[in-house]
Each structure stands twice: as structure tokens, then as C-alpha cells.
Amino acid sequence: MRSHSHFRIQMKSLKKTVYEIIEEAAPGNRVSEIFDVFLITLIALNVVALIVGTVEETYQIAPRAFDLFEVISVVIFTVEYLLRVWSCTENPKYAHPVKGRLQFVASPLALIDLLAVLPVYGVFFFNLHGLDLRFLRVVRLLARMVRLGRYFSSLRTLGRVLYTSRSELVAVVSVLFLLLVMTSSMMFFAEHQAQPEEFASIPKAMWWSIITLTTVGYGDVFPVTAAGRLLAGIIAIVGIGLFALPAGILGSAFMEELGKAGNGRTVCPHCGEVIEEE
Amino acid sequence: MRSHSHFRIQMKSLKKTVYEIIEEAAPGNRVSEIFDVFLITLIALNVVALIVGTVEETYQIAPRAFDLFEVISVVIFTVEYLLRVWSCTENPKYAHPVKGRLQFVASPLALIDLLAVLPVYGVFFFNLHGLDLRFLRVVRLLARMVRLGRYFSSLRTLGRVLYTSRSELVAVVSVLFLLLVMTSSMMFFAEHQAQPEEFASIPKAMWWSIITLTTVGYGDVFPVTAAGRLLAGIIAIVGIGLFALPAGILGSAFMEELGKAGNGRTVCPHCGEVIEEE
Amino acid sequence: MRSHSHFRIQMKSLKKTVYEIIEEAAPGNRVSEIFDVFLITLIALNVVALIVGTVEETYQIAPRAFDLFEVISVVIFTVEYLLRVWSCTENPKYAHPVKGRLQFVASPLALIDLLAVLPVYGVFFFNLHGLDLRFLRVVRLLARMVRLGRYFSSLRTLGRVLYTSRSELVAVVSVLFLLLVMTSSMMFFAEHQAQPEEFASIPKAMWWSIITLTTVGYGDVFPVTAAGRLLAGIIAIVGIGLFALPAGILGSAFMEELGKAGNGRTVCPHCGEVIEEE
Amino acid sequence: MRSHSHFRIQMKSLKKTVYEIIEEAAPGNRVSEIFDVFLITLIALNVVALIVGTVEETYQIAPRAFDLFEVISVVIFTVEYLLRVWSCTENPKYAHPVKGRLQFVASPLALIDLLAVLPVYGVFFFNLHGLDLRFLRVVRLLARMVRLGRYFSSLRTLGRVLYTSRSELVAVVSVLFLLLVMTSSMMFFAEHQAQPEEFASIPKAMWWSIITLTTVGYGDVFPVTAAGRLLAGIIAIVGIGLFALPAGILGSAFMEELGKAGNGRTVCPHCGEVIEEE
């Protein structure tokens, strides 16, 4: 009985230590810092291996090494995921042993961690030959990239920028969507007869609209009739100005967000009064 | 005689109720709000159906359903239009039973509503096989999109932006037009002999100018002579800076307009009073 | 003797009237205003005729009409030019009957007026079959467009914008030129062996550089080797940011210039003191 | 013995004179100014000759002249380099006869000067037929361009701009890199089966990503499947806004840097004293 209680106390203290190591490094905790660097390096190498592994010539140099590295990575990611679920009750937010853990598992970050390993087990245990394995590989790769991105402070900055300028972006994107539908409809009616393949329907004409209005202009679809060219010319001049709006909004919001990282207020050095808060 | 007068009073009260329901929902009027949501949904579905209906494979799944939905929509739109014309006299602006109604019918919004249904009747009653039916379909589709756009507050914002920056835009567009004509003329003379098909005339060379200066660059027309390439290089570097001006003007006007919606106020640093609410 | 002196006085008064009519309309001078409108319309029609006349199908409708209109225009432009030279002595700047007139003839605006008519006489009198007549047609057309542009106030605005931001533009353009030469050299060495035709020399590789860095991207020339693509990717990301600089400089200078047209200073409405001169 | 000491003194004075002439012209030193102009002209001509020499037709006009000019240039550059190394001890930074000179030789500017001549000797003396001579030619040409760039004040401005906005640029570029990898992965999985050649691997799909997100859009690679086009459309609209960020950051930093060169000063509205010279 006593040894059991003793074991519980030891477990508790172990859980706390594990929690502190796994969560982002608190300043001064060397073990946690080393663990973080190790995990970031592992994820980064893993992403590089998954990308380089798609080049047939590179993969053929050492296919076993690529596969082995994948297995080792998945084992480590799984252990880390299980330890995270086990120790999450240390976080006051997820304190309840059952409900708290379920809430943690359902949190976006934990779901991404799960998506980074689960597809591999899906292939392993159930031999899902029927399903599209490529899709599982995308999920796995993207989930690991998102995991990697979590350590980029600039991605957090971008997230804040998107959040603060969300109302502007929604306003602009809804205008752009309407513009897209309108220009596609007009070009469909103008070019459908001359190019029944490329402008087969309005949704197909949208491909032309997007590639033109973003100024990419691959050249796989373009108007050939005089009416279509006149229309396309007007659409290009008018629409490109509107399609450049999101870039402008993002740009100025980004600059402002980065400016905030500075001191953010101007003080007159002569009388010491604040002149303007930026 | 009495019942007739009674009927007139009932009609008057009915007209008022109809007017209040059809016009944009006053806060608190539940019936009007429900009617608005119903109409927006109907128009949106209608636009989607018209777009998706151009995809042959999708249309062939249930051609009768598409046609039936179109007929029902047109009937509802027609009834709504007639009710609108009948009840518009409730608006002090269109109070006169005859002159007021004619003024209402001639207002831009009512004309668009009419254009959203009239083409269908044109096809129906007069069997206009000689006319270009495609043109009527574009008119119908665009008119319904504009109807839909009326409920987008961001489109109203864009409208205000275009209005406040109209003098800048006119100034820039007139410069761009002159630039377009000049660069097309120069390229016509430089490339006409080498590519008599693509640079057959100055108006044809304008297609090259627009696609180059907007940086779309499909690649269907490009200079091949040394002189043409030198000229095109200079035009590209100089002209693209000028063709990016409308985007910049729109962008900063848009940001300013959206900023106005915020709390922003400026305080005089001398006396501390509010100078302007932005 | 007396009649001769009388004639001189009459001529003087006539010269003054001609000068006032031909020069830009002073407010209130109806004849001068009508003359200006007439001349602008004539030049505009002339430019349109020259452009539309390059479309073979349009020209063939009435070749005689096009030619006749050209002859009439040239006669009017010539008379106007001669009257301008004769009456320019009314302007204190060109007061001297010989030296003043020579100075006037050598002024840029008068030279452009001369270029707008002279090429026609060159063809007429000297039958210059040996010379490249196309070149004379470009000169004539461009000179008339510049004449037309003189009446666009927005072109004057653009001129001021280019003038005020000339130092920034020169700085940026010199950087861009160096960048252009460097990227072309690198791409020449990377792609010369794989594509000896498209990347035959560094000047030829510059065509690729300009079309890529301005993001036009026709697709007539692009790297095919792995090294070339890696290099092109880096060049695209780095260089496009730099090639967008002139557009940004022009844009903000343009906005500032247009803003100046407003009142240009902010006054606190409470204490009446100027807070900032824009 | 005396003559030896006398010689040392003469050498010292000669070294000082040489140092003053070779280093950037101090105001008033006419000889140094002339030397600078001569050297800039020589380097500029040399760069032009190297570029024009890649055009076969131009080179064949006078191959001996091109080669001779190259030999003369290399001799002058070598002499200048040796004089620079010899006289650098006049600079307090490199005062020590051995250690100072080694430090000077290892400085970036001196290394570039060395790279501008060394490749030629490599070819000359060692007859390096095995090595890739083209690479040496690039190094030589680029090194001479960088030498030329050293005299462009606008390049120094750009350097300062890149330095002051380095943290923003690093933040943005890391986001762009992640975006590039993610979009390439998604497009690889979407298009690999339909276009096994163009989307052979994720690194190959990156070529598509860069060319699309920078809006160059050559049209050599583009999605053909419906899924790929939908994905590409979303990527284009979202990604182009992000890829335009570096241009915006560079642009505003450049404008600010150039503004600093102006007179601009800010005065505190409370006490009227100058707060900062912009």
C-alpha cells in the first residue's frame, strides 16, 4: 500500500518533469531546450527526406535508409505524442484525467501531431491498398510541415497579421469572387463558340480569369476573337488593380505588425512628453 | 359605395405592408428579414444554377430540374418586381401613382431587376430565334449577379472608394491610354514586317501592349526582331511602373475607406480637443 | 508712304490677334477657345485616322477619304505652324524678329509641331523612295500624339512627378541596370550550352532577364537545366522585389502630387494654429 | 648606408603618394580624381567588352582587338592590385607590413579585385584545359561588375536598405520558403499522375511554384487536372499576396532611406526644438 502511494508520487513528479521537457523550453531549462532543438532538427530532416525522397534518382541511392529513417521518426513522434497526451494534465487547462485529455487530443495542435503519424499506421496495420495512399502521404507531409512551422516566429507574426486584417481581407475577397464570376461569365459568352474546348463552361472560364487577373498568364488559354480580346483588355486593366488589393492590405498590415515589435512611441527628448503612440 | 372605400383602405394598408416587407429589412421586422434572406438565397442559388448549368456534364444529370428551377425563379422575380412597382408609391420619392411609378421603373436598380427577368420572356413569347440568345443569357446572368452584389456591403465600400478616387483614376487612365497608343504604334512599326500577322495593325498591336504592360504575358504575341525586343524591354520597364499606378491608388483609397469604419480620431496636441473623427 | 505705315500698324494688330487666338485660350477669349477645341479635335481625329488606317480592311473602305483627310490636316497644321512662327514675336521671350523666331523654332514644342508635318513634305517633294518611309510615319504619328498630349493636364502632372522623383528613379534604374547585366551574365553561362540559340550571348540573355524580372514571362525563353532553374528561381524572388521599386516610387510620388492639388495644410479648428503642413 | 636610408624615406613618401592616388579621390587631389575616372572607365569598357564579346558576330569583327584589350586590362588590374597591397600599410587598419597586408588581402573588396584577375592567370600559366573555363569567365566578369558597382552610390544605398530591413526580410523569406515547399508538395500530389514528367518530384514542382507565385508564368509547366487547377487557383490568389511582401518591404525601406538624404527635420510642437533630423 505504501509503496503504491510512493509510486504514485514518483509518477506525478515524473509526469511534471516530462511535461516541462516536452513543452516549449522555459528559459533556463537546459534539458527542455536540448529536447526542442532535437525535435525541430528531426522534423526538419524528416520533411527534407520526404521531399528529396520523391526524386527517383535520389531515393534509389539508398531506399532502405529513407525507409528506416521514416520508421525511426514515426516511432519517436508516436512516443512523443503519447507522452504529450499523458502529461497534458499538468496544464491547468486540461487538468481532468479523462475529459482534459480528450480536450487536449481534440485541440488543433494535437490533431496535427496525430495526423503526422496516423497515416503511417493506417498503411501499416490495415494494408489499405484500396485507399489512395498518395493522399495519406500529403497529409503526413503537410502535418509535419505545420509542426515545423510552429517553431517559426515569423509564421506567428503572419498569423497575427491575417487576424488583424481579417475584415479587410474578407471584404476584398468577396469583391474579387464576384469579379471572378462576372468576368468568367462574360468571357465564356464571348469565346465559347470560337474555343469550345478552352471555354467549355463558366467554371472552365474561371481558370482563364484567375490566371489572367493574378497576371500569371501561362498562355494555355487566351482569347482569340476581337470581342474577347477587347473584353480581356478591359478586364485586365480594371481587374488587376483589384486583385492587387490583398497584397497591399497584407503588406501594410505586415509592416505595421513588425513595427509594433519596436518601442512603439515617440518621445520628445527636450521636454520628455510623448508626442505620438505609433 | 362604402365597401369600395373600405376596400381602398384595406388596399392601402396592404400596400404599406408589402412595401415594408420587400424593401430592405428594418431592424425588428421579422417578416421582412425572412423575406430578404429568402430572396438572397434564391438569387444566389439561381446564379450558381446558371453557372453550373453551362457545364454540359452537370446539366445533363437533370436538365429538367435546371429548367424548372429557372421557371420558378423567373415567376418569383416577376411577382416581386410587380409588387415593387405597385408598392413603390409608399416611398415619398415615388409618391405619385403614375409619374412616381415611371420614375421608379426608370431607376437603375429597378432596371437591373427588369433585365434579370425580361430576357426570359423575350425568348418565351416572341420566339426570337433570329436574335442572339447568348447575349440575352449574359444580360440575365449579369443582372442577377448585380442584384446579388447589392447585398454585399464590401461592394458598396468599393463603390465609395472608386467615387472618392475618381479624379486620380481618370488622370492615370488617360495617361495609360496615351501610353498604350504610343507603345502600340512604335511596336507596330518595329515588328510589322517580321510578323505581319500578329502585328497586322496598330489596334492589333494594342493587344500585345495591354498583355505586356499588365505583365500578364500570355506568350501568344511577342517581338522577335532585335529592334522590337530592345523597344519592348524599355517599354516593359517604363510602362509597368505606370500601369501599376491604378492598383496603388485603389489600394491606398481602399485602406483609407476601411480605416474610416474604425474608431480613429485625431487630437490636437496643443489644446487636447478632438480635431477630426477619421 | 502713309498707307505703308498704316499697313504696318494693321499688320501689328493682326499679329497680336493671331497670337492671342493660337496660344492657349485666355479665359474669356471665345475665339481662342473655339480655335483650341477645333485644333484638339482635328489632332485627335488625325491620330485616330492614322491608327485606324493601319487596319487594311478599314483603310480599303475609303482609301481616298483617309488620304484626303491627311492632306487637309497637313495643310492646316502647316498654316498653323507658319502663323505661330510669324506671331511668336508677340511673346517677350521671342521678341526679336530674327533671333527670337529662330529660338522659337528651336524650342521643343515647336520642333514637335514641325516633326508632325515635315515628314509628309519629305515624301511629297523629294520622292524619298530610298529612305525608310515607315520611320517617317512613326515620327509623324508620335509627334501628333505628343501634340495631343500637350492638352492633357494629367500628363503635366506625370511630368512633375517624374521631375520631383528623378533622383530616386535614377538611383533605382542604375541598380536595376547592374542587376540586369549580372543576371544575364549568370544565366548565359548556365544555359548557353543547353540552349545555344536562345542564350546565344549575354545581350540575348538580357531579353530573358527583362521579361522575367518584369514578371511578363512570355515563355519564349526559359531555363531548362537544373542549374539554370535554380539560378532563375533565386533571381526571380530577389530581382522582382527590386524591379517593383520604380512602380512604388512613381506611385507614392503621384499620390503626393495629386494630394498637393488639395489645400495642403491642417489647421486645428479649436485654437486655429497650423498643426502640419503636408 | 646613407643612400639606403635615403631610399627608404623616398620609398615611404612614394608609398604614401601611391596610396593617396589609388584610394578613392580625396577632394582637391586632382591626380587621384583622374586616376579614379580612368579606372572606372577602364572597368566599364572591360565589362562592355566581355559582354559584347559573347556576341559571335561582334567578336568576329576584331577578335584580336578583344583579346588585346583583355590582356592590357589584366596587366593594369594586376599592377593596380599589387600597388594596392604594397601601399595598404599606409591605412592605420593594415599598418603591420606582414599581418596588415594579409588582412588586407583577405578583405572582401581585395578578394574581389583578386578574383577579377586571377582566373586569367589560371588559364594562362597552368593551361587548365580540364577545368570548366566558363566558370572562370563568370567569376571574372562578375568580379569586375562588383568592382564597377563599388563606385555606384545607389548600390551603397541599396546595401543600407537591405541591412536596415534585414529582420523583416528574413521573417518574410522564411514564410515564403515554407509556403513554397507546401504548395509544391500539394501540386506534386495533385499533378504527378497526369504529368509525370513536369511534376516528377517535389523539387521539380518547386519550379512551377516559383514561376507561378512570382507571377512570371512562362507557361512551360501548368496544372491540367481539375483538382490541380482548383488548387493552383487558390495558391495563386493566396500566395501572390505573400510573395509581393518583399517588394513592399524593400520599397518602403528604400523610400525612407532616400528621404533621409533630404532636408527633412521634425520639430516638437510643444517646445519647438528639433527632435530628429530625418
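Chains: A, B, C and D, in written order; residue numbering restarts at 1 for each.
In the analysis below, a residue touches a chain if its C-beta (ideal position, glycine included) is under 8 Å from a C-beta of that chain, and two chains touch if they have at least 3 such contacts.
Nothing here was measured: the structure is a model prediction, and the numbers come from that model.
Visitor: Among B-D, C-D or A-C, which chain pair copies the contacts of A-D, with over half of them the same by residue number?
Guide: Interface equivalent to A-D: C-D.
Visitor: State, to the nearest whole Å, the distance from the C-alpha centre of subunit A to the C-alpha centre of subunit B.
Guide: That gives a centre separation of 35 Å.
Visitor: In angstrom, rounded to a whole number, how far apart do the mean CA points of subunit B and subunit D lie?
Guide: 49
Visitor: For subunit A, write out the residues touching at least two other chains, lowest number first.
Guide: Those would be 215-219, 244, 248-249, 252, 275.
Visitor: Make each chain a node and each touching pair an edge, then name the shape: line, ring, star, complete, other.
Guide: Graph shape here is complete: every pair of chains touches.
Visitor: How about subunit C: which of its residues touch subunit D in the complex?
Guide: Contact set of subunit C toward subunit D: 167-168, 170-172, 174-175, 178, 181-182, 185-186, 188-189, 192, 200-204, 212, 215-219, 222, 229, 233, 236-237, 240-242, 244-245, 248-249, 252, 275.
Visitor: Please output the residues of subunit B touching subunit D within their complex, sorted ascending.
Guide: 215-219, 269-270
Visitor: Any idea which subunit D residues touch subunit C in the complex?
Guide: Counting only subunit D, the residues touching subunit C are 47, 50-52, 54-56, 134-135, 137-138, 141-142, 145, 148-149, 152-155, 157-158, 173, 176, 206-207, 210-211, 214-220, 243-244, 246-252, 254-255, 258, 269.
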